[in-house]
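We just call them A, B, C and D in the order they show up, numbering each chain from 1.
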Amino acid sequence: MVTGRSEETSGRIRLGMVGGGNDAFIGGVHRIAARLDDKFELVAGALSSTPEKSRESGAVLGLDRVYDDFKQMAIREARLKSGIEAVSIVTPNHVHYAAAREFLKRGIHVICDKPLTSTLVDAKKLVKAAESSCALFILTHNYTGYPMVRQAREMVANGEIGKIRVVQVEYPQDWLTEQQDFKQAEWRTDPERSGTGGATGDIGTHAFNIACFVTGLKPESLAADLQAFVPGRRVDDNAHVLLRFEGGARGMLWSSQVAPGNENALRLRVYGEKGGLEWAQEDPNYLWFTPYGEPKRLITRNGAGAGDAANRLSRVPPGHPEGYLEGFANIYSEAADAIIAFRSGNSPDPSVIYPTVQDGLNGVRFVAACVQSSARNAAWVKLE
Amino acid sequence: MVTGRSEETSGRIRLGMVGGGNDAFIGGVHRIAARLDDKFELVAGALSSTPEKSRESGAVLGLDRVYDDFKQMAIREARLKSGIEAVSIVTPNHVHYAAAREFLKRGIHVICDKPLTSTLVDAKKLVKAAESSCALFILTHNYTGYPMVRQAREMVANGEIGKIRVVQVEYPQDWLTEQQDFKQAEWRTDPERSGTGGATGDIGTHAFNIACFVTGLKPESLAADLQAFVPGRRVDDNAHVLLRFEGGARGMLWSSQVAPGNENALRLRVYGEKGGLEWAQEDPNYLWFTPYGEPKRLITRNGAGAGDAANRLSRVPPGHPEGYLEGFANIYSEAADAIIAFRSGNSPDPSVIYPTVQDGLNGVRFVAACVQSSARNAAWVKLE
Amino acid sequence: MVTGRSEETSGRIRLGMVGGGNDAFIGGVHRIAARLDDKFELVAGALSSTPEKSRESGAVLGLDRVYDDFKQMAIREARLKSGIEAVSIVTPNHVHYAAAREFLKRGIHVICDKPLTSTLVDAKKLVKAAESSCALFILTHNYTGYPMVRQAREMVANGEIGKIRVVQVEYPQDWLTEQQDFKQAEWRTDPERSGTGGATGDIGTHAFNIACFVTGLKPESLAADLQAFVPGRRVDDNAHVLLRFEGGARGMLWSSQVAPGNENALRLRVYGEKGGLEWAQEDPNYLWFTPYGEPKRLITRNGAGAGDAANRLSRVPPGHPEGYLEGFANIYSEAADAIIAFRSGNSPDPSVIYPTVQDGLNGVRFVAACVQSSARNAAWVKLE
Amino acid sequence: MVTGRSEETSGRIRLGMVGGGNDAFIGGVHRIAARLDDKFELVAGALSSTPEKSRESGAVLGLDRVYDDFKQMAIREARLKSGIEAVSIVTPNHVHYAAAREFLKRGIHVICDKPLTSTLVDAKKLVKAAESSCALFILTHNYTGYPMVRQAREMVANGEIGKIRVVQVEYPQDWLTEQQDFKQAEWRTDPERSGTGGATGDIGTHAFNIACFVTGLKPESLAADLQAFVPGRRVDDNAHVLLRFEGGARGMLWSSQVAPGNENALRLRVYGEKGGLEWAQEDPNYLWFTPYGEPKRLITRNGAGAGDAANRLSRVPPGHPEGYLEGFANIYSEAADAIIAFRSGNSPDPSVIYPTVQDGLNGVRFVAACVQSSARNAAWVKLE
């Protein structure tokens, strides 16, 4: 009855972390995700840009080795016999490139939070750094780790909805409806640290990424109308985007942080010549599938109608919901499988999939194109 | 417990119909809508452009007087002592103007299906004809007759969601996913009869109308990317539209006839500085209301939380669903109330609301602007 | 695209009404239901037990003939050349028998609200009266008029879920959570007028009826635990019932008027050896069907997957909701079809189905058995 | 924005496991649950009743110490300086008592899967064993770990729905609709290993437990109609139960393993004099709350309207779903908090709650009473 991801515990991967100190949100999520399937062991960290905070946080987490900064950490860990094999980078966006570079050039695998960087220049440099490194680079576009997102991707690839015509993707939130001063809000609305995109960078990139991931379509150009509704806000908090894909498919993308009643309402709908697929992050264990002219079908995670791509990432029976942390953990598990294969000089099994540095570059390009298009009154901008 | 619309049967309004013969769809809907609250009596018709069909259909319906064409009908009914007081025009779009004109100029009230006309030129002429007539003109943008749409409008007007920032409206269908040859599909995809807009005209106008009706916002300009996905189709079957409103609100509008799994999935979401509202035509008895920072609330038709604007259009207790025909009948009932007031030289009660010829012109302008914008690669086009 | 019920207007059936004066609820529903498909014309009434009220209400409705009491009406109408062919009885329950008898014995068809009567003695007498009359007797268990209830019944009959094992049916409301003094509440909680069952009679009978209608199972016995939670209430306001059917199927039935958050939440779930069906009155255009081991399917009224039994009772395309009034009107339309066949001495088409006097007796027996079982501490009571 | 459970990693609790070898389902769930919040470290195990399997499984899991049987494990671990502090017992039901006893009498805390035991005799002995031990006993009625179940409990305790009248609880599944031969199905349908209850014991106990947990009501008696629908099945696969609680509240409980279309559809609805609450395990991040006479409100985990009892068990922001594993982990986290307090001789904070051995006894009594009542034709049986 229960299929899917098994526990493998021998030889946990030694993991470090950059960022993710006491008052950070996403660092804790990465730690749970790394721990869930027991494939990683967190042993070292440079958990804050303030050395004292780093030490305090390291003590709370019981880390073996705590560093004052990421460069020091990269240098020393690379020399240790049992130094870290991989590092999670969970800092604000503008630090991603500098931190990742230090580890990549020393052959330490990087698991990096999204968006890839705060600037397009940095993103391109990071792609080069990753390409010239033997180490792996994994970007945590975590929503691609949801089993039913994999299911949707597999069904599209299998031709079950035919040639795609229309892509509707949206990610509305409401937490920035009013001016907020707490830490999470503060750096995310500061263009120096977050990048020129606000909602666009923080959540629009997720929407863009998942749309491309599921459809397999190559985006060609976009037209964007960005707004900063909250007085004084320096980055967009609402974005309306038209998309054109190679081959003629068209899309709409909406990301917002000012839509009261929406928590994390990422939703993807894809329509092809033969059928439609609909998925929502807030109800992630279900995928609606309509073969044109037939009744809608509700495919459930690990249940009837679910295929290999979804089942290999499931842990518990259908009807027992898995959620955000499990989806995030699936990215870590994929990373672990790739690293374990890497250890022995092999490529991972082809079923192992994770977002790459190229996906990250695409995301930063998306943000840059949105900003550029909006500045030109929503003119079409090519996505290279 | 039961509030709302009461039956008033004395002095039913004598009604005629143009179009709506045997094999038409919307004619039957108009007849049920006119009958539901017992305020109209259908007595005459020119039910088809083919005289034989008109006579056949008239016999089936048991009409008192059947005419070969609408002009003849207008002339003769205007002369009868107990001739029709109002006429429903339910022909294909390109006939609306010519038919309506004949009745308006003879002082017979017109209840006309949407979109107003198939061309902008006709629409402007029809506005003039209506303005120079003493008779009333009612456009059946029927979705504005749903009680919870009225509820949403009332709440916006009362400031319950604050100044509006974002409007998301969509109307996807799937019935034209493949080439169709039956009558309903045939004239709707013929630009000569339907107008230059396909999905845009047939359902996009509904979406546009309901967004304006609920928000009270004045649309300023739009940018549209229209597609005709089905090979050989001469009008759009999918439209992606960006909207800008006076005062700074922004919107997205999607209408599609090629989205498998969508039947008549008109949905409106409006977000303001203080809260959000969400309504879906396929589940019309409910309105989601989120005051920012509080739990979502489900307001039900005729139930707790529903106000006067909704309750006066309700017939049965909450939990007993009312649907499409009841919403359509509400437009007829509003029309009847206005006509009854007109009989005695009065204005109707201010709570009586129905879509006007000006709303119709706005809809045709919307279609024209979409087509124009799309032809210019989604450049912004003003909505006058 | 649009299938289903067509309008037939020639020779409307002349209808009378007993009860249903100004301040009644269900009378208005019956009138709309009778009018919707244009098969009846209301021409006479004895609308209240108070002659003045009857006359007032008759004037408001514009009736041709208004009577002071139902007996007078039955006698005179039977003598008229164009007297009523059918009568709707919409009084409180305790009047049903006496009124129905007068019309039945004069050959006037009776359309009677449920439950059949307030006592088992009356119910049995009414069965006799109906059986010895040439006239038809139709009971408005209106929920059996919903197209998707017909769909469920057809699927069960076709063996699509196999031999039935479990039936779960419930009808919770909340409107009697506190003591209420208005008219609807008042007679419904008076055992003299409502019968010995409260919630059991008013809504439990609907739940019981729909379960039997859809499954085709014959109930064998029940065990009931009834409560009157609101202080001073003289009839049950909450009922928990275990059911046993011939052939071994088992069921649970819950009816309540004290369940806050429930409006008219009638819901039926049926499980067999091969699959399951689920339907809810508040979302009536959909039927969930799960063939065991396959994904759930959502069958929509008039849409893909819907069969003849549902489609012949549909008026508008899928995605345009039909509701309570349309379901109620379907019972009237079935009655009309039967009466029209009767006029010419024929049996109606076998697809014409309506609840009969025998169904009514079964409902009253159900109430009596619930009361008896509860008085015996939920001992099993046979349903004859 | 993010509140709730923080990570505490210093001094992980040393944990052993009895059962949970390679091909078991629930063992893996317990291990993830123990690991999620990083408060336990699994170091020892007797993972199977077959020594070879135990050793194999231990090797896969990388355990420090693997034993051939639980008694040997209890004896040796108790003597080790750094032996286990707690043990998870995840064997089939009939082994629970014998295993738990060995650890309890040596002062090792026991975390035991439900139902408590396979017989009432064993259950009573286990209560004694727990009461006479200084060690803690935690029963994994995991659904009580869902934050919104805690929310519901808190709201009931705060009087937000008033005095409770009606409890509706159900747990339908469909996986035993047909005869199944795999391991999970096999022991669960064997009365020697599972106990005399089938669905009643496996899932009915969960439904019963959660109803009591949320309402705080004391069940007084029940009447049960059990069925074994699948030919040859030796325990019930469907149970219909009426409940009476002290103080006059009444309930219905349905548990089934033969209801196609239901995966793990545990659902609880509670209605009081002032309002209603509704929660569903398959959509666990939401709680519906209806204050009588007001619109329904949707309270979301960690979102607006959620209180301390729920928020302290939440990890991620609202709209990012937590699921079954997180709820299960909450029980482990509560256990950890209690064990950590125990280490220093303290009682845990009063907000720490977990199911106890007494809850376990109540569950076994529930099963025994169901079986007894059903054997007596659904006569009422007292729950002591």
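Please note the rule applied: a residue touches a chain if its C-beta (ideal position, glycine included) is under 8 Å from a C-beta of that chain, and two chains touch if they have at least 3 such contacts.
Just so we're clear, the structure is a prediction, and the values are computed from it rather than from any experiment.
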Compared with chain D, which chain's mean CA position is the farthest off?
B
Chain B to chain D, mean C-alpha position gap in Å, rounds to 55
Chain centre separation (chain C, chain D; CA means) in Å:
43
Separation of mean Cα positions, chain D and chain A [Å, integer]
34
Show the residues in chain C shared as contacts by 2 or more other chains, in ascending order.
262, 296, 300, 303
Edges wherever two chains touch, nodes for the chains themselves; is that graph a line, a ring, a star, complete, or other here?
complete
Chain C touches which residues of chain B in the complex?
1-2, 6-10, 25, 28-29, 31-32, 35-38, 60-62, 173, 175, 182, 184-185, 262-265, 281-285, 300, 303, 315-326
Report the residues of chain A in contact with chain C in the complex, numbered from low to high.
289, 293-300, 303-305
Residues of chain D that touch chain C when the two form their complex:
161, 165-166, 168, 170, 174, 177-178, 223, 225, 227, 229, 238, 240, 242, 244, 248, 250-252, 254, 256, 258-262, 269, 271-276, 278, 288, 290-292, 296, 377-378, 380
